[in-house]
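Per-chain numbering from 1; labels A, B, C, D, E and F assigned in written order.
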Amino acid sequence: MRSVEICRKFTKHAPGSALIKQGDTWVLCTASVEEKAPPFLRGTGTGWVTAEYAMLPSATLTRKERDIKKLRQDGRGVEIGRLIGRALRASVDLAKLGERTLTIDCDVLQADGGTRCASITGGMVALEDAVSALLAAGTLAENPIRRRVAAVSVGICAGVPTLDLDYAHDSTADVDLNVVMTSDGRFVELQGTAEHEPFTDAQLDALRALAKEGCAALFKAQAQALGRDA
Amino acid sequence: MRSVEICRKFTKHAPGSALIKQGDTWVLCTASVEEKAPPFLRGTGTGWVTAEYAMLPSATLTRKERDIKKLRQDGRGVEIGRLIGRALRASVDLAKLGERTLTIDCDVLQADGGTRCASITGGMVALEDAVSALLAAGTLAENPIRRRVAAVSVGICAGVPTLDLDYAHDSTADVDLNVVMTSDGRFVELQGTAEHEPFTDAQLDALRALAKEGCAALFKAQAQALGRDA
Amino acid sequence: MRSVEICRKFTKHAPGSALIKQGDTWVLCTASVEEKAPPFLRGTGTGWVTAEYAMLPSATLTRKERDIKKLRQDGRGVEIGRLIGRALRASVDLAKLGERTLTIDCDVLQADGGTRCASITGGMVALEDAVSALLAAGTLAENPIRRRVAAVSVGICAGVPTLDLDYAHDSTADVDLNVVMTSDGRFVELQGTAEHEPFTDAQLDALRALAKEGCAALFKAQAQALGRDA
Amino acid sequence: MRSVEICRKFTKHAPGSALIKQGDTWVLCTASVEEKAPPFLRGTGTGWVTAEYAMLPSATLTRKERDIKKLRQDGRGVEIGRLIGRALRASVDLAKLGERTLTIDCDVLQADGGTRCASITGGMVALEDAVSALLAAGTLAENPIRRRVAAVSVGICAGVPTLDLDYAHDSTADVDLNVVMTSDGRFVELQGTAEHEPFTDAQLDALRALAKEGCAALFKAQAQALGRDA
Amino acid sequence: MRSVEICRKFTKHAPGSALIKQGDTWVLCTASVEEKAPPFLRGTGTGWVTAEYAMLPSATLTRKERDIKKLRQDGRGVEIGRLIGRALRASVDLAKLGERTLTIDCDVLQADGGTRCASITGGMVALEDAVSALLAAGTLAENPIRRRVAAVSVGICAGVPTLDLDYAHDSTADVDLNVVMTSDGRFVELQGTAEHEPFTDAQLDALRALAKEGCAALFKAQAQALGRDA
Amino acid sequence: MRSVEICRKFTKHAPGSALIKQGDTWVLCTASVEEKAPPFLRGTGTGWVTAEYAMLPSATLTRKERDIKKLRQDGRGVEIGRLIGRALRASVDLAKLGERTLTIDCDVLQADGGTRCASITGGMVALEDAVSALLAAGTLAENPIRRRVAAVSVGICAGVPTLDLDYAHDSTADVDLNVVMTSDGRFVELQGTAEHEPFTDAQLDALRALAKEGCAALFKAQAQALGRDA
């Protein structure tokens, strides 16, 4: 597993901000608060957590054109943003959050595989800091965070179950499984794909075992960055 | 499990066309052939399979505005189209397909849960018919289809593992797992989500067992519609 | 004239729904109700009827790319949607409808000429069913439908006035005239085009006579589907 | 009928340019030449005539927002542009034009009813000047213009058939009929609409007679501006 | 300096309207009033002046495609519209204007260099007429206009400081400086660009002196058109 | 003047990359190379330098919605991107660059005033590194860089000419002047704006003197980061 560093409070304007460096994958995760809920929740007393994921044009080996130039959000980015949002919502009691929206922006400064998982792991830290700010300001009376989540990608590379795929591994893996977990070993999201050769029950079992190991390390990195256990 | 009916050759212009009715979920799946590959494959001799998923405005309980009115493809639709494409690509040897593109259009006429899975199951039939047309026309000399895929959604509803969720079940399930399988019991794609309560290894095991049952029934429906086994 | 079949209540969610099959032209027409009027009518007590027309990608001989992929609604579709809307508004007393909007969605499942006219004829059935639902629910106290409308295309093909053009006729016709009529023989809309050779008064007279015949048959098909005369 | 003034060669860059003033309706019509045909005609030796119609924001009583601000071309503008294009194509032998495109831009500087018809009448003059320039330059050896077209709107206002509707008449008319004619009294396009009360054969006959009168006056204005008969 | 002609009250619907002809550069400037301020000013009692700049497709030597066809406002047009808005805002006391918006539309009918400056000079006249209409109607009690502004482009062409660049000069100039001034000789906006050879203090001094001369002539043309001094 | 730090080679994929920190304004500037020129330069042997400017959503005090969500590039961003491009083009001999495109991406990670100027100063470093890479690889035989440019904002705050405005100063300044200079004291671009009170010749003179001081410091920072003088 690649080394993980979470630089908390990286920028100053957003109430939560963390730069996560997992090997050469760097994602700036920030959490902003808006004092209203999306339309479908108005009047319910319940809040929302949503995420947006994007890459800077220079984050990849070949420059990636900005979405706005094509007037179309990159399909991969849409899919990943939705995954991050679902994963982080699982960590928050939305009723306790009240009618406000937390937006987690995950902007990839440099990509080397595993950006979606790093976004979830780093986004959790930004989210927790933004919630702390709301608690400190007295806006929230009770902590809405129910649990921490972290995510890691595992895959089968040249027949071997492998943890935390970088780009070189990811682009040649037979199976790619992204696993979002809680610190008590349960699953929040599981996304496994085999475009080439389908995978077996046994392979899935091996991969999820490996993912648990990886997430354990990530929960430690989160705790260290935040200065406290979940 | 809901009754499944696959009306093959439903419309006349596309070389492959199937209306799949799974309970009150109806999806019109068609397969079209374009005699060129996407830019990233030009000159490689390799082809591509891609999918698009959309709902008619009247397919849902409340009328859903058309994407073009918002100038933005619905994020859920983007995510589902990408899933269908990945799933169906696993059934085709793209090198044998040659430099052409198969587009599988999945248009939901009526939605009652499980539309993405029905799109994959029905899209497989349309795809196979389009390939048969290419073989019959002599455009293809060798069958590029490697295996059939089918998909079913399973979930935990009120604590009970449940097969083939309709909208009433889906919208209240604790866990929602979409499983794309091959007829030999392997996995092509696995997407499990728990927005509320994370799920355990044991629950995952129960759900994948259930999914195997469901897919077995779907492989039978495909074979019956196509008049032959895979 | 081609055989006409109107399958009423084809789908279950929209209050009005009809699949019209006119030869190999199939259009799914649905009518939805929104309990508010468009901005320019707010506060007037008057409602609105509008229509949207689109083709599924696989409806035509060659696959037609989705509008959303080009971020632009097809010009022909815009023009046809406006025609259908004007035609169906003529059938409704908008003041009696009250401040609500009826949207008639016309989605072409299979195209073989005459889709705009089939959309009007089938849309009338869907509209009437949606109004019946509002009357049955007590939302409306008085029936706002003033008259039924139906539409047919006529044209001059190889010098011969011809009724109900299919695609083969339509694409070679010298004049193409779309006629929207009421059951008492009056005109709601008349759209005649001669891109090649202009047409004479006498030709126009011959065509509108033919259109009356065609519409008479369509009013019968509507009455049969709805189980009652206008 | 309102007075008509056609100021030929109004601007200097486009090879054809005419400002038509029909009462208080002012439309700047210009014709530009591009030395290639649209994709669907490449390799056929045949050219194309197309039109675009737009209003300046200040052309109407209330300022009209620019299309680009809404990222959507106004549906009415799309419909009118298509009508102008069809009408002017009828005046040109596209095979004689060769593989080039004439674009007729019709920009309304001030609107007071009848802008689509004025665009056709004025656009004909711009088109003819652009063709003259191609003939003078030797680009074209033979004149591709087959006939002149002109257009007028007629309607039934307070029960009276009325010629050349201004905005005050147009907005209250029961029937609105736009008629595009050739100078020998034949029809190129006919668009009649009755959103309120359907119209009879007799009314249609009265309106088309009136339209012939109006077009005769417009053909005179075109001949005077161009300094020659058709 | 080229001859300048300002045709005031050119069109009839907008409360302010001026066609400015500076040599072969013609810009139609109109000023419209909306009785509400933009969102960021609501509740402040303060109004806003904004501008939009566009070229008709036929205004340039080669036909320029409409922005809406590309779904993207031309970057140059965005930049110029923002400049015009800033320049004209400097002429108005926004607090005295009250919570309303003046929109100055600058549509180039024919371009021959200096269109942005002509838009400002002509837009000032349209703006003043719109304000006069508000005063005459009693909507405004006090005149919010603080000063007139005018603008001219100057540049260094073949080493010579040159006033009021037409297209031939502009496209070959080493330095291009657009200067917006007040009639008391102060600057509102200064935009100097040297894409090729940087410019010196001395050159800047020579250019701004020249610009003062040019603006003096433009203030006279404005006064003549409006029939009164500032 | 605020402290300036230029972290060269900040990310690894782009051939040029610099994070410039000017006080609390942080901009990540990267330079990418594409081996083709834009269409208007094809076949001329001449290259192009272009720039794109954007802010991360969390860069500002209040979260700024992404352009892609509004399907419209922020007007201010368009204007600034064009300025950066013009400024950096002045530093390169485009003929010596050959038919390739250098794209300078300036992404603001944290904004506290002066982002456009910091983008130019930092972009110069990224550009020079990308050119060095082309020289090292032998793609370029001769160095196309003619001079370094740097930029600073100056303004009049509470009557006092002030250097290097941060957000607090910028938002209350009477005049805001952005100055792009070369190291020999000449001007590449000058943009001065007075939305409130116009400025005099004397004020302009004071501001440009101050800008020279500021740019001198920035040229030192560039030289230090690059390890060599211009």
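Assume contacts are C-beta pairs under 8 Å (C-beta built on N, C-alpha and C of every residue); 3 or more make two chains touch, one makes a residue touch a chain.
What you see is a predicted model, and the numbers here were worked out from it, not measured in a lab.
Common neighbours of subunit C and subunit F, by the contact definition above: there are none.
In this structure subunit E contacts its sequence twin subunit F using mostly the same residue numbers, the overlap exceeding half.
Centre-to-centre, using mean CA coordinates, subunit A is 33 Å away from subunit F. Look at where the CA atoms of subunit C average out and do the same for subunit E: the two points lie 49 Å apart. Chain geometry summary: the mean Cα position of subunit B and that of subunit E are 58 Å apart. In subunit C, the positions touching at least two other chains are 71-73. Interchain contacts close the chains into one ring where each touches exactly two others, per the touch definition above.
Put simply, subunit A touches subunit F in their complex at residues 11-14, 17, 24, 26, 28, 30, 32, 34, 52, 54, 56-61, 63, 66-68, 71-73, 103, 105, 107, 109-111. Considering their complex, residues 71-73, 75-76, 78-79, 81-82, 86, 89-90, 147, 177, 181-182, 184-196, 198-201, 204, 208 of subunit F touch subunit E.
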